[in-house]
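Below is one structure; the comments refer to it alone.
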Amino acid sequence: MKTRTAKKTGGYLLNAVLSAAVIAVSVMAPDFGATVKGVTIVWQLCYFIILSCSLNLVIGFLGQLSLGHCGFMAVGAYTAALISLAFQRAGFYTDKGGGAFLLVLVICIVAAGILAALVGVLVGIPALRMKGDYLAIITLGFGLIIVNIINNLPFCGMDGLSKGSAASALYANGLGFVAGQLITWLWLPVALTILSVIMMYMFVRSKYGRAITAIRDNEIAAAASGVNVSHFKVLTFVVGAFFAGIAGAIFSMCSSTLSTASFNFTSSSILNSTFIVVMVVIGGMGSLTGSSVAAVLLYLLNYTIKNGKWVSVLPVFLRQLFAYPMLVYSIVMVIVIIFRPHGIFGTYEFSLYNSLKRLFSKRRTAAAAKEVTDNE
Amino acid sequence: MSNETSPVLEVEHLGISFGGLKAVGDFNLEIAPGELVGLIGPNGAGKTTVFNLLTGVYKPTEGEIRLCGRRINGMRTHEVVAAGIARTFQNIRLFSQMSVIDNVKVAFTKDINYGLGASVFRTPRFWKTERAIDGRAMELLGIFGLADKADALASALPYGQQRKLEIARALATDMKLLLLDEPAAGMNPTETAELLACINIIRDRFGIAILLIEHDMSLVMNVCQRIQVINFGQTIAAGLPEEIAVNPEVIKAYLGS
Amino acid sequence: MGAFLTALFTGLRLGSVYALVALGYTMVYGIIKLINFAHGDFIMVGAYALFFTVPVLRAAGAPAWLAVIAAVLVCAAVGMVTELAAYRPVRKTGTNMTALITAIAVSLILENLAQAIPAIGPNPRTVASIFAAGGISLAGATLSWATIITIAVSLVIMLILYSFTQKTRLGRAMRAVSEDKQAATLMGINVNSTILITFAIGAGLAGVAALMYVAQYPAATNVMGATLGLYAFVAAVLGGIGSIPGAMLGGFVIGLIYSFSSAYISSSLASTFVYLILIVVLLIKPAGILGKNVGEKV
């Protein structure tokens, strides 16, 4: 029985080395001649990946349709921005480099996650009493309420962060990184993303993951097996919200303005709760790998559409279609749901270690088989 | 500290009404440790309702339920399970998208004492607990002959084995009383005989009390020490199997007069 | 007094439209237990249909409101296509959640298609006014004729729908399907056709709602349906989803809440109040004011 729950040290080691390598590359980004434009893409990919994976915890693993995920992100974004601004105005740090700034950074990120998580509790508790359809509407409502409230808070919406000199002050001296700083600080979102995805993966491969997939598959049987359904439901919302908050912190670091218009349900930008749902559905509900891959693919698709890269490639009648990314995505989503409801990856999680092992053992058995036939 | 002879389950004047309909009324039952009691009656008599009342799915409108002396009225389902009652369902309720062994492992959730931090950072405590659970789950699967299918998808099992898996999962909760709701439903004679053997193994090995709802009379007469019969939510007879078999009220309830 | 009356009349104006939309929502939900997120967008479709047909009728000298026929037909067609192309295939293979996600996708497709098709296009289109201006005036506030007509129309439709579902064979078939699809099949009811007709009727109602909406708020944009649909859904839930009188009641309550919170508290927070009402209702009495609770068999 040793192999059943072996510590999987091989896999962990490989992943640790890979992560370190990726982070190292991002630290040395300036030396690789990275451009601000290219680096901005990576920053944005980072928070989309975190958003997609964290929403998958609620939609894919717990099986509850949550439509207000970007509300949590907004909470995180504003928290991080405001705290950094407060510190900066209090004179705690002046430039983005010293130890003081680093400390503020850590505080902002953690606070963003925690505050978002608290809001997650507020959303999760009413959500306990509802079934599927109603839950979806309630989370949608909450997402809109959160954004609406932020809009009406004097220090956020009105003359706080999205208008006037306060905004530019924030992003010249507060948390927001500009131009060259985006390159030198690239390692931060990359490290945060890797860390977040790993943490979510650990969450899923434990009693927590088992409990919430049990709730998804058969809530009554889960309760009859001793699972405290309410506790795990709220917990999943909270964990999902926490990471959405972290994603929000990253967003506020790399965006030149912070305004609630970006977080709306039917916004024309892709940063809205629906788009994250599309990512999760297409990637595979129940696969963190799927969410990450879908996030990257859909982001790049959107980027190339917005930059008109498809116009030359497509026949004329499709060009008008591709002028509106959300149209493409929603059609793709319907096709995916009808023909491949489990998404691209289903519940499969990619493990580099396992894939390599299989590759090498195939080679070994092929070599052994060849030996046998040679000797005959 | 309950002593050996005090009852595992005491039910007094249990009842519930839905709107104007009294689904179960004045239901009394006592089960001693290790006893196997059968609950029979025609379809719609209220047997599953009794199970739902005992496991906190419904809240009784009258009466009292005590498990090893402890009042469990109004407790939520998972609290009832923690107190020591486990059940299976009339229509098998498995976690269809999870593996066979994970289905069993879910039932250990309440006994696992590592937290979020331990899971995320994979502490030694995490690994120790996971190994232990894996061992116990495999052991349970072994009893039911499902060990070789541990990693298969639960929905891929044939019907008879799905039923066994459901029972194995219930056993994993470490209960004092097991409620089996028509375990032999949809089974052919071979599968029913296997089920009978399983029930006997469970009794020998775990020494738990069992309350069994069943329509298959051969199974009921063979394995139950006592039988209680209900019809229209009311108890119409209770006693030894031989007595029940010839009780005119029981015969009337099943066959009409 | 004037301010109160203005708020009241505005509330009735909004509420009348919400009630009409909620009627269609609740009917479809009652039958197939799916929140049709695209319902609001059916109204958008109807509004654009009106945008094209009202001038034609005007030029021919006919009353503008006859254009509702075109709107109803177009909406019904769109509704049926949606059911056939998107909802039915997913109902066969998917879960409740995927059905809901599909509904969201359909809503997005409709909204973005309207943006993409050049004849409709991303800019708002103004629909020529349909009813005569003016109305009943009290203390400086005016209850417009359009509003009064809308209320009347909603009441009439509510009565028609109610007797239709209670008395006619098709209506009974619809109710049977909503209670138990399998049993309905066994009774010889063609479930798929019944659902298709339900969609046609529900979407057709959206066409009527479009007329009433456009009569009071003459602009048509591609996103007009989204918020409208959401508020109407809140109204339907508040009144008791599946209950036709409930939809009417809910519609007016939501309209009044929005109007009064807008006037007396803050217009930017009004939407928050509407959603808060939804949350409170679902927490305290999920069946809504006039609805009934159905549990799950264990």
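A, B and C label the chains in the order they appear, each numbered from 1.
The rule is short, and it goes like this: a residue touches a chain if its C-beta (ideal position, glycine included) is under 8 Å from a C-beta of that chain, and two chains touch if they have at least 3 such contacts.
Just so you know, these numbers come straight off a predicted model, no measurement behind them.
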item: Central subunit by CA centre of mass proxy; value: A
item: Taking each chain's C-alpha mean as its centre, the one farthest from subunit C; value: B
item: Centroid spacing, where centroids are CA-atom means, of subunit A and subunit B in whole angstrom; value: 42
item: Centroid spacing, where centroids are CA-atom means, of subunit A and subunit C in whole angstrom; value: 35
item: Length of the line joining the C-alpha centres of subunit B and subunit C, rounded to whole Å; value: 48
item: Shared-contact residues (touching 2 or more other chains) in subunit C; value: 298
item: Shared interface positions of subunit B, touching two or more other chains; value: 57, 89
item: In subunit A, residues with contacts to at least two other chains; value: 220
item: In the complex with subunit A, residue positions of subunit C that touch it; value: 33-35, 86, 89-90, 93-98, 100-102, 104-106, 108-109, 111-113, 115-118, 223, 226, 230, 233-234, 237, 266, 268-269, 271-272, 275-276, 278-279, 282-283, 286, 296, 298
item: In the complex with subunit C, residue positions of subunit A that touch it; value: 59, 63, 65, 67, 126, 129-130, 132-134, 136-138, 140-142, 144-145, 148-149, 151-152, 220, 265-266, 274, 277-278, 281, 320-321, 323-324, 326-327, 329-331, 333-334, 337-338, 341
item: Residue numbers on subunit A that touch subunit B, as the complex places them; value: 1, 4-5, 7, 12, 199, 202-203, 206-208, 210-211, 213-214, 216-218, 220-229, 286, 347
item: Subunit B - residues contacting subunit A, complex; value: 55, 57, 76-78, 81-82, 86-87, 89, 93-98, 102-103, 105-110, 112, 114, 116, 119-122, 126-127, 130-131, 134-135, 138, 169-170, 172-173
